[in-house]
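Okay, so chain A shows up in both of these, paired with chain B first and chain C after.
So, the complex of A and B:
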């Protein structure tokens, strides 16, 4: 009893210290705010990156190098999960999880109605990433959820993870190649490969292709994670 | 708008505390997804719709699915018996096989005879059920309160008078 009391009291003290630090830091941040970067991005993003959504302009043009590594983290995570989960034998017993006892009829029918709309919504978010909020990652996650709902519709489905990983790797390599074309055309790494004096609507082609590649890569990765979790055999 | 934001933040704190205190796994997953839904709306109100979209897709759709999958992957149902193999009545074995067939679990018996070193074995190991028998042929099913499967077991044992289901809270010893 005494031990647990000491634990609880020390936890509360630590949390209180964190709260005080947070409040002090918030006041400091309000004092030292500067508008320089905000004003710069507001003025120049449309001209320099041809993207109306400033967030997309930053992560697909100014900071493209960072987003490539961000894409690679997901690939590494997927390959790690596939390495750890033992799915050598392709067992397709997803019936166990999406059981008739557990999944009701309402859920299965609703998901079969929702499936095409989810696909269209995900593709819309991916392809309009430079105009509206969203982009490759968000749209890819929505596409992945759309594909995952098909497990409710037809539990006996089998997805071969081997080819999915292969496609994801090819997409990642294509991402790097597309983003380094600019070395030839504009003599700098990791920016838009279409020269800056071209029409804005032509230059968005680069953003759309990159968003599409990132979206497909993310959705394949998430489907991979899910299916390898599903097939994981517990051998005790 | 500010009132709504502070209301959502207070709701977040309440949800987090209830996640920590909750013992039922499925309810925890529902609370986690509602947590990420509320954080997504907070992101939206603070003018970050891109982050809100990512939070909605990952936090409230894919993550709960993965958690539910991980919970339903539990296939083995391990029963620890403090009796000899011969002493078990047939109807008890029938009951347990019926129960495990319903959830498509693999039933596994572990037989033990000494009563001494077993106080909190249900909390430490991955044993799901302890079966005890006293002198008057009364059976005791001792199980965790947090396990959701036990409601079904309780339902099955309703019409058997000599079977008692005892639910033990997590972290509590049973003598």
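So, the complex of A and C:
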């Protein structure tokens, strides 16, 4: 009892020292703030990336290298989870934990009504990523939840995840290939491959295709994670 | 004042990781640290006069869009980290029969 008290008190002292150091260093943080980046993005983003949503313009054009490897972390996590939960004895009919008796009738009926609307809403968020708040990652999460509500509608049916990882890998390679076309057309890496003109409306094609690919990739990854969770629980 | 508050949230997460007795609680504390970092970075780009960073007619000043686009990365990575941690905790429960750190360390000896 005394030992744990001493441990907790020493921990609180260490964390308080961290807090004091942060408060001292915080003045330097406020000194280094500037409005230059804000003004630059306000003036130049529409001309350079042709995206009305500035955040989408940053993560699909200025920092595309960064967001491609962000998408790769999800692929690595999915393959790690599949490796951990791998079934050595291949079972065709897995019993999932969602019992029809445990889930209430209101939930199952409402999810069967909501399912097509969720799919359309996710596709809307993905394809309008350069105009409204949202984008590939957010819309992909909505698509994944729409597919996962099918477990409520029909618990006996299992999603075949054998080919989902393969499709995800192909989508990731296609992402890298599309974003490196600009090496040929504009002589720079990882930007929009359509050169800058006065009429910028056709350049949004690049943003829409990249958002679609990222959204599909994220939704397949999340479906894979969830089904491997269910399969791991159903082993008990 | 606001950056200090978000740093206090991060420190609460560290304290929870060090003292929690259940594995799921320590995974929740990882998510608390992630929420603290997101608050900290969004505070850096905030300005009271700024509008949302989407073009519309008569736009004058916006909030800084760089921290917002960086935080998308943080949210995705946080979700993958919590997913792998939870699947490892399921494996630990199958092997040791418990999710308390004390019982796991006892069975390890």
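By our rule, the second predicted complex is superposed on the first by the 204 of 236 C-alpha atoms of A that agree within 3 Å, B and C clash if a C-alpha of one lies under 4 Å from a C-alpha of the other, contacts with A are read in each partner's own complex, and residues count from 1 in each chain.
By our rule, contacts are C-beta pairs under 8 Å (C-beta built on N, C-alpha and C of every residue); 3 or more make two chains touch, one makes a residue touch a chain.
None of these values were measured; they are calculated from a predicted model.
K.L.:
A:230 in the overlay: touching chain B, chain C, both, or neither? Say first, second, both or neither.
P.N.:
first
K.L.:
If you stack the two complexes on chain A, which partner ends up touching A:163: first (chain B), second (chain C), both, or neither?
P.N.:
Touch status of A:163: no partner.
K.L.:
With the two structures laid over each other on chain A, which partner does A:125 touch: chain B (first), chain C (second), both, or neither?
P.N.:
Only chain B; A:125 stays clear of chain C.
K.L.:
Does the superposition put A:133 against chain B (first), chain C (second), both, or neither?
P.N.:
Touch partners of A:133: chain B and chain C.
K.L.:
Of chain B and chain C, which one contacts the greater number of residues in chain A?
P.N.:
Ranking chain B and chain C by residues of chain A touched puts C first.
K.L.:
Contact-wise, after the overlay, does A:42 reach chain B, chain C, both or neither (first, second, both, neither)?
P.N.:
Second partner only, chain C.
K.L.:
Please work out whether A:55 is in contact with chain B alone, chain C alone, both, or neither, and reply first, second, both or neither.
P.N.:
In the superposition, A:55 contacts both chain B and chain C.
K.L.:
Looking at the overlay, does A:144 come into contact with chain B only (first), chain C only (second), both, or neither?
P.N.:
Touch status of A:144: first partner only.
K.L.:
Just checking: does A:33 make contact with chain B only, chain C only, both, or neither of them? Give me first, second, both or neither.
P.N.:
After superposition on chain A, A:33 lies in contact with chain C alone.
K.L.:
Where on chain A do the contacts from chain B and from chain C line up?
P.N.:
Chain A residues touching both partners: 53, 55, 133, 135, 137, 225, 229, 232, 236.
K.L.:
Quick check on the complex: what are the chain C residues that touch chain A?
P.N.:
Residue positions touching the partner: 3-4, 7-8, 11, 14-15, 18-19, 44-45, 47, 50, 52-55, 59, 61-66, 68-69, 72-73, 75-77, 80-81, 83-84, 86-88, 90-91, 94.
K.L.:
Which bits of chain A are touching chain C when the two form their complex?
P.N.:
Within the complex, chain A touches chain C at residues 8, 11-12, 15, 18-19, 22-23, 26, 29, 33, 37-38, 41-42, 46, 52-55, 58-59, 63, 66-67, 70, 73-74, 77, 80-81, 84-85, 131-133, 135, 137, 218, 225, 228-229, 232-233, 235-236.
K.L.:
Write out the stretch or stretches of chain A touching chain B in their complex.
P.N.:
53, 55, 96-97, 99, 101-102, 125, 133-135, 137-138, 141-142, 144-145, 148, 222, 225-226, 229-230, 232, 234, 236
K.L.:
What does chain B use to touch chain A in their complex?
P.N.:
For chain B paired with chain A, touching residues are 49-50, 52-54, 57-58, 61-62, 65-66, 69-70, 72-73, 75-76, 102, 104.
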